[in-house]
């Protein structure tokens, strides 16, 4: 019991510390990339304090954190205080709780701890192993995170915040559906909701889900961007329109929690993309493993290598997130909604249908044609992607008419203005 | 090549499909092209009908050689005691000795069973089983046929039949429909309801073809009603016109009277025969091979008379015969192509068709035959008299239609095989020349801007030569001038009557009918040519509605006219003297039966049908020609040459109120108004008052008590759902408390 | 804005082609631009380590200086034109009787509050004797407000520091090429150039 | 799973141990039965609290929240029964309850939205057309109008005029 | 020895009075007293509950139940509907925890996903859009607060007393069905692949019901859309012009 508690605490500490540190440093990376894309150098001065050692600016996150924590906090007079205080906590909680089920490696080798500790070996590198509802848990926690934003916006009692909150609520609820649809395809292919099982399935077959379900990957990626409110979907805090969106009225450590939560969302989304679609810790030839359930064949080098590969993949995805930010402009809000409801959900459904059919009949098709059915699945997956994309392009569902309605009577507030 | 089983359903199916297509797409897609599906479907149907006709002909001529010699029926003696249960009245008793080997040609196409009720009817053992006394005389196989049936099942099969009668009717109907549809393209051009018209026409063609090819009474009745519906829709096609709407209503209601009789007749048929099929099924069909070949006899006596008269009532309604003829002249409010197609050529002949189809039933009842003949004769004469004085061209033609239909019934009522075939032949030729005349009248109306009163125009032959010549052909055909269709079809009718007058037991009755027919022929010639002279001769006058440039109609209208004129010229000569039509029709089971009966009668009397009286027939023909020419001459004198002043003559006749009698259509509308409409209206008013005052008052009184009670409880219903929920909770509380304590 | 306003001209949005609707060109365009810039040469100047190169010192408006004439005297004649022209009211002049015969007044004290100054160059424009000028010194900083109020001596010392690099305006103008405006087309009726003119 | 197996093993060892409650008599109850008992009571409480809210609250949305709460109470009881019967039936019924609740929420929200847009109020008392004819409408209880506290928005002075410092800052300025 | 049923009756009376005081009323007083009454009543209820023979389980259960019930009471009694929704969210989380405790992993998460993640947020959304400025008068009064509280809580009393009575009798007689053994539970309801088991049951034995529920969801979706769209189009059609005539489409 004690050993298990300690094991859990160690893992929690590892994950929390790692993720928080990572998010701090990812801020630095984000600033670097922002600078580089704009032909600047980015922060590169803050190194070890009181010395001239700059270390390419690696001390910057510490300085930022300290600054935000020590800064005076201004609480506006007009806010709804309980909600205003509750919001950052909820946002942060929602962001951090996701990591309970996200594996950051596979397992540790057996036999490294004494029997008397009664540990369940091999140690799985995830805080809550064996949680049977892993994937839905992710969705549930993601749903909780909406509250923080909504409450922050409402509690701030400020129209920019409120607009941001309302937009955010609509966006997050809408994009939960394509997110779920993207996940469902993978879950269907795996037959389990557990993330380690999803990785193991990809590793065992050697076919990553991105190859098997490219359409699902696309849908999931777009939905993940939107759920993380990253550009081009950062409507809730669109600076040009809403000052700062729902965190306009926040400052100090509360602001830091909100900002860190955004990075945590991004990290979680990157982890999920890697786990669901990019094979997790798997690389062909390096970390192939039929062994994941028992971990018998896992040796220390393999275990470490898997962690490294997984984190490398995650980092790559995060870099993509950051580069994407500077590559494409923000969507208009109506376009955002159109994309969710009229593009991504049909795509997700199409993907789900194709995956279901292939899971059910794939081996028969394979047997009939003499070709591995996973090849068929990949081919059909890409064909589906092209077909639905082409259909979407032709049907053009994301177009909306935003022009003012001149056939309606002038709204009263405009009429007053005219007078 | 084409199987009958394929052809037969296709013929009605195509117009139905066209009707659906036009109905669905007409208002927004087809619009001015609405005629395309209709004409195409009817055209193909027409082609298929001709193919069917040919196929039937091939089948008959192929199978005529190898008809089974005998079905081994024993002769059934006619017993005097048979009368009490209706078997074997004198014609029926005699016919069994005919051998009845030939039962004609028929082919049944069963599409599906619409309804099936097991053990619906009464057991008809007493109908089919021989009397116990006669049982010994029957052969072994006869007893197997005559086994007492269990209670028969009531089955409605969607069964179509192909036999010569149906084939001829189908060909006639679809051909005339095609011609009229083509004509309508020009005539209805630019009308607001263009698509609607062609949808209705297609629907009508579907209904009519189904009617003539139906093989049971239910289906016949259904499509009998369906053509009535189409007729109603098309009469009231211009429903904005109050006259058209009223005419449609009148037609519909008058037809209901006839159809009620028809329905009763069908019920009686069911209770009598235990089936409604024409053909043999599990039970021998009413007109089926079994019954016709003598295995299951027809019911005679009062039952037969009742059945026949009820059916006749239906036929009277549909074919506008004497008491129920009043709707047809009013039906001329519809578009002229409709008058030509429905109210002259096809639908109104449904009654004739039905009576002809049921010939064996009528043969079982002499009284019914005579009544048919009397009604036909009366109608023919009466309508002709009325037509003399009418001034509306279409009404003249309408009354002539009634008159000609009367001729047909006269022929059917003659009760001889020759009469039946003559009636059908008249139906066939009449379809062409009456359609021609109506279409000609439509052409005139088209040119005159909708005016149809012959007093308003004259001398139109100069501006409408084609219409003039074709109309002339039609008039000659209708009048029955020698080589034209009317002569060849009307003459056999008169001959049949003449024969019947000389041979029948009721000779004097038929003699008077023969005279009425002659008189009718004269009057027909007179009024036909009266209208013709007044319209096309004399000084050129056009009504102001026609505008300055009254002109001949477009080719799409004159083309059908010419086609029909050619048919009128040729069809009589082609089928009349050669007797092809008659020979062909004789292979119809019903008529085959009549022939067998006639042969048997002839054998009984030792005479030979149709041979001995050749001289008499020539005399009849010459007499009729003379009468017709006299009528034409008289009209020419009155209206062309003005040797006789028609007004003076009218004034002279009117001293005995004769002219007014004819002009006011013998006051039939007024009589109906006084005897039916007003009493019904008064009764309705009384009933309404009674209902409103007495019955409603009582009911209201009963309703008052709950109302008072409700007023006391009303405040509980305060409209707030939560109070209702609270009441529920309190109720639940009481319930739980009672349960737990 | 009243959408019923008749004066509004409604502009039709551009129709997108199939390819553009597929989002792929935009996608590729965005990512290639980003990647190109990601690896391109950076333009940042590492300021304290590398000196900032001002492209044209003559155009740059930095710290003020008070010019001296040939005899080393302050050129200013205390006419107050610069103080009048200054939109930030940062120039404070105390005039006094000139000790020299060639002018009536001279500034007894001449103070510029560099914290209030907006470096617009109006004073330089206004000065009739080219006494006040803006140099290209940009790294002006101080540890107190008082330090940032430049008096006459300090302004003159700026002149002493910078005179070698930046000659006085009067001398600059001689080096200027012939006036650009004289080359403008004059055949137009109003004689004014337009942006649309193809020449 | 193995962990929970060991936990239940321990529970099995102790499941008949008596436990003394502070006020009541010592109640000996099988672990599963005790669980069922407690869950039923909690479920009943949720249900009844929801009932109170549904009957008495006038805000339409709060009414719906209360209705959902009643569903939650039922769901708790069902799941407890499911466990004590060792059968998935109860849980599956809860799945359907959730589905029905989702439907209800969708339709209810649509209705609320429409009703709100008609009367600009969420008051259920405005909607009593179900009442009998001739009855007076629901009497609105006279309430002292509670004027909302006037929010103090920061205001910019007119251009060119120095903003006057807030009164509380004229005496004491901690930031200077 | 105190019969827990007596405790429950006492608690019911207190809770009814407390709820009455807590509900929004025109006189707007006595809320603190109401809260105290309700707290005492809850304590009495808790005292009547049998222990779970494991102090950890006890703690977890009592904490979760307290969170659930207190949040539920707050939901019903708070004046500000936004707070009501938030409290309801907390109550839902407590319920999810209770479900987790009893081994229904999937339902716990599904409750959070569907209720908290979707339904409640949508409620909140509408509430925020529809909430007028200040506190609405209808949020400060309630219908028949005394009668509603007393009747509803009386039902609670009946239920709790009945439940307690049934369980007390079960200790005496053997007629009560034997509770399942832990091993049995782990074979079925607490199976390690709990979700898969539930899914197999759901899509096997209850497939038709699932289909029906799916149809119901679809109908609700369409219905909701139709209600809103219909209302919207109805508003528009009352405007002076037809929507398509003379709009900006006329370039």
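Per-chain residue numbering starts at 1, and chain names A, B, C, D and E are given in the order in which the chains are listed.
The rule we apply is simple: a contact is a pair of C-beta atoms (placed from the backbone, for glycine too) under 8 Å apart; a residue touches a chain by one contact, two chains touch by 3 or more.
Keep in mind it's a predicted model, so treat the numbers as computed, not measured.
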Quiz item: If you take the chains that touch chain B and keep only those that also touch chain E, what is left?
Solution: D
Quiz item: If you tally contacting C-beta pairs, which pair wins, A-E or A-C?
Solution: A-E
Quiz item: Most remote chain relative to chain D, going by C-alpha centroids?
Solution: B
Practice problem: Give the label of the chain whose average Cα location is farthest from that of chain C. | Solution: B
Self-check item: Between chain A and chain C, centroid-to-centroid distance (C-alpha), Å
Solution: 48
Quiz prompt | Inter-chain centre distance, chain C versus chain E - centres from mean C-alpha coordinates, in Å | solution = 69
Exercise. Give, as an integer number of Å, the spacing between the C-alpha centres of chain B and chain A.
Key: 81
Self-check item: Gap in Å, rounded to a whole number, between the CA centres of chain E and chain D
Solution: 6
Self-check item: Shared-contact residues (touching 2 or more other chains) in chain A
Solution: 130, 403-406
Exercise. For chain C, write out the residues touching at least two other chains, lowest number first.
Key: 3, 10
Quiz item: Which parts of chain D, given as residue numbers and ranges, touch two or more other chains?
Solution: 1, 51, 55-56, 124-125
Exercise. Over in the complex, which chain D residues touch chain E? Could you list them?
Key: 1, 4-5, 8-12, 14-17, 19, 21-25, 27-42, 44-53, 55-59, 61-62, 64-66, 68-69, 72, 75-76, 79-80, 82-88, 91-92, 94-96, 98-107, 109-114, 116-118, 120-125, 140-141, 143, 145-148
Quiz item: Contact residues on chain D for chain B in the complex?
Solution: 51, 54-56, 63, 124-125, 127-132, 134-135, 138
Quiz prompt | In the complex, chain B residues that touch chain D | solution = 710, 714-715, 717-722, 725-726, 729
Quiz prompt | Complex contacts: residues of chain C adjacent to chain A | solution = 1-4, 10, 18, 21-22, 26-27, 30-31, 33-35, 37-44, 46
Practice problem: Within their complex, state which residues of chain E touch chain A. | Solution: 82-83, 86, 89, 105-106, 109-110, 112-113, 116-118, 121-122, 124-125, 128-129, 192-196, 236, 239-248
